[in-house]
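Structures for review follow.
Two complexes come next, and they have one chain in common, chain A, joined by chain B in the first and chain C in the second.
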Partner chain A sequence: MTTSISTPIVQVKNVKKVYPGGIEALNDISLDFPEGKLTTLLGPSGCGKTTLLKIIAGLLDPSSGEVLVDGQHITGPGPERAFVFQDFALMPWATVIRNAAFGLELAGVNRTEREAVAEKYLHTVGLKGFENKYPHELSGGMRQRVGLARALAVNAKVLLMDEPFSAVDEQTRRKFQEDMLSLVKNEQKTFIFVTHSIEEAVYVSDRIVLLHRRPSRVSEIIEPKIARNVDPEMIRRQPEYLDAVENIWQSLKKFLD
Partner chain B sequence: MSAFKSFFLKLVSFLAVILAWEYAGRAGISAALPSFTETMSAMLSLTLDGSLGTAFAKTLYPLSIGLLVSIFIGVSLGMAMGLKDSAEWLFSPIFIVAQAAPLAALIPVLTFAYGIGITAKIFTVCIMAMPVIVLNTLGAVRNTPGSLIEMAKSFQGTRMQVIGKVILPSASPLIFVGLRLGCASGFIGIILAELLITPTGIGDIISYSQSVADYDKMYAAIFAIIVSSVLFIELLEKIEQVMFKPEQRN
Partner chain C sequence: MLFKGYRIPLFSSLIIWAVLWEIVGHTEYGLILPPLTKIFERIIEIVPTPSFATALYITGKAFLLGNLIAIGVGVPMGVLMGRVKIADTLILPWVNLFLSAPLSALVPVIMVLAGIGEVTIVLTVVLFAIWIIALNARAGVLNIPPSLVEMSRSFGATRYQSFVNIYVWAALPEILAGIRLGMIRAVKGVIIGQLLISVVGFGTLFEVYASHFLMEHFWALILVIFSFAFTINEVLAWTERKISYYASSR
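Now for the complex of A and B:
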């Protein structure tokens, strides 16, 4: 285990992204993501954090540079990575169980098998009993739980989450953040998490990567030393939590227009 | 609204039209307007002597071929145009023009090119039905949410899986709107062809009855083709409900 912790599972090397029309979204980003940790990409809107996440996912090609996962150069999406979408990306015509099993359906797993796996993860995310509902019968928070179950069901090592809680209400969001902590603890996966919320980043992250705005560069990497073994309610009262939020705010303030 | 109430209101809507028709027929507005009951008794005698059945068979033959061709070519072409920009640029101008143009004006040209046989009639159905099917399918494919496509790609879906499991089901409601509109136009097309090219089938009953001033039969034939068109469109809706369960969506 010690070796795998020291070797980063995802390496981003000199990645640049220039969109057609010459807009530079990312400028020479190099980053390592250690295995088993939750790393957050944090920055103001337009800083390229979602672009970087989609490049790691293989959904976008970098203009130059490369991404290595498990030491392998990636050219597209792969089974070792799973994506959780900001707008949930659920198929409205499919039941909750079919949506949750869709990654396995695409991989050609037979129906009984994939639905058993999907059911297990729907229970993990707290959606027992909703298997045969349709997405429009669910609240926003529950829809994102389906998206999360779908990503967990394919058993990828790396979970890429693009502002997963930004489209749900504040109360649900807090519950989600608490659930994230137990998920990170129990699932032994690497999480790469994108958010624009400083509090959310500090609450859930082992490491926070602060990104500059256009052209986007890494301005700072922060590792909040927060005790996670306490009651989740208490985390927001720890001085370490409050200091980290304040430091990040002071650091991001400089880049505001 | 309860199913019973909506059924009741639909019935009222039909009854109101039928009553107004019956009244207008009896009031003697024009000798060329028979009442509803006269039309129905003419329909009964046309049915009993077998001439309505024979006429329908003659009309439905080119109509069904034309509709099948329009649906298959229309949906596949629309899909191809939605999936590939080059196909859209190549084909969409034709269909946009075809949708806007009064295509009935082309019927004499089709007759000149294909003669007075069945080919010209099938073509008439196609030019009436296909543009709206193609353009709706194109729009439907283009309307697929980008994040759903990205989702399927992120789980390593193949191109065929993305099309079959995401784009097609996502596009199906709009495709079916196009099919309903297109098939209704196809019914218009076949009657136009039968009136303008050579009188056959239902078009023959309409034009012959008109020429001998047998208006009861003329209206009976018009009524029959309208009813069959409506029933066909309803059938398409049922097919959509069975295949794609649109009521489960938002």
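Now for the complex of A and C:
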């Protein structure tokens, strides 16, 4: 296995999450996330994948168990992790550049400096020239690019992405997935990605963690051996891609109601 | 509205009603409802007088002061209710009660407490305006998308930073709507208060005109006050539209 060489930057140890009222969202999950890779949490809705991501983010506390980031036990959000939200979570009253620089603004970085950094990442995600627009003037896909730039701007080691492309249309989504691949290649970051789309998971992931539903457990870890150094259009035609999609589908099928 | 293919401005219906009013004014009912033209003559006559200016000044002062207090207390109260469950449980029933209650009935109580004077008028304005302001601020805070709050937390915002950067702004459209509704109620409050006390501001004028059966003067005053209220509402609604562009996209 190639991934065993890289050290895990995020470790989830025996994490349980029970919501008030006794609803069990996660049952004793242990997982390692290797550095510099894109790991996807994949599973049917209600399998607790978003709950797990928010626990890693420090936005939710586990009922028991712990999360280590860089070997450190976490108790809340931290600068080494940045979150990309499903509904973008942009401030509608602020310009694109202020939104992108918001993480740095909270950290107390002065305006010229933080806007220079934000501008750089807005260019990276393809939003040059939109700095002074407002979110409502942007399409859904562009809004999520702002969310991505905001997460990149704080220079966190780990990017946590909660179904980031689920609220954008199919064409934009495909473009996004292609951009994700170059982002993973160019930025030396660890990505933890949540999706319910099998195709999306196989397309972008180095590792795919399949989650069960009720009780929520890790059912399988798949590492699609897909050649990424080809034309992005060709990836979806590789037999390895198609096989991986089919395998995951077979594996998830038995959990359908 | 389209009439035989022509676009008719919305306010053109007012012309029809004005003509109707004028006609009725020239009949025997003119005693109670004088012709509109006569009323406009009175408006031109009354408005420049010192007694009108004094009444306007006193009313304006009570209105502004009352609104400032209502906003200054109402908005924090609503935010508190939206954020703290216990505060909400304690205050919400009262807010709802006062929102639907016939508040004019309480003005005599205020009169007993604060005397017959400007303080009573100010308190009446507060009483009329504050509840809807608090309730709207509460709704605004409750409607803040959870992901915006999570976003600020995930980027390390302190409670204070979340409050000034997220809560206040995200609830702003509702808060402004509440202030507008509060001001409309405050107009009622200031006039009802003055009518009940009848020795302050427009209340005195109304009292004088009514007791001497000066119906033209009486109607003139009513039209002036109505147009004030209408203008305040329109100006506030316009400001609100400028800000609420983002209410839908939050």
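In the analysis below, the second predicted complex is superposed on the first by the 252 of 257 C-alpha atoms of A that agree within 3 Å, B and C clash if a C-alpha of one lies under 4 Å from a C-alpha of the other, contacts with A are read in each partner's own complex, and residues count from 1 in each chain.
By definition in this document, a contact is a pair of C-beta atoms (placed from the backbone, for glycine too) under 8 Å apart; a residue touches a chain by one contact, two chains touch by 3 or more.
Everything quoted here is computed from the prediction, not taken from an experiment.
Trainee: Using the superposition on chain A, tell me whether chain B and chain C clash or fit.
Mentor: Superposition result for chain B and chain C: clash.
Trainee: Applying the document's definition of touch, where does A:Gly129 land relative to chain B and chain C: first, second, both, or neither?
Mentor: Neither chain B nor chain C is touched by A:Gly129.
Trainee: Tell me which partner A:Phe83 touches in the superposition: chain B (first), chain C (second), both or neither.
Mentor: both
Trainee: Does any part of chain A touch chain B in one structure and chain C in the other, and if so which residues?
Mentor: Looking at chain A, the two contact sets intersect at 57-59, 76-79, 81-83, 85-87, 89, 91-93, 102-103, 105-107, 134-136, 154.
Trainee: Could you please specify the touching residues of chain C with respect to chain A in the complex?
Mentor: Per the touch definition, chain C meets chain A at residues 145, 147-148, 150-157, 161, 165-166, 169-170, 172, 245-246, 248-250.
Trainee: Would you mind writing out the residues of chain B in touch with chain A in their complex?
Mentor: Residues 145, 147-148, 150-158, 161, 165-166, 169-170, 244-245, 248-250 of chain B touch chain A in their complex.
Trainee: If you look only at chain A, which of its residues touch chain B in the complex?
Mentor: 57-59, 76-79, 81-83, 85-87, 89, 91-93, 102-103, 105-107, 134-136, 154
Trainee: Within their complex, state which residues of chain A touch chain C.
Mentor: 54, 57-59, 76-79, 81-83, 85-87, 89, 91-93, 102-103, 105-107, 134-136, 150, 154
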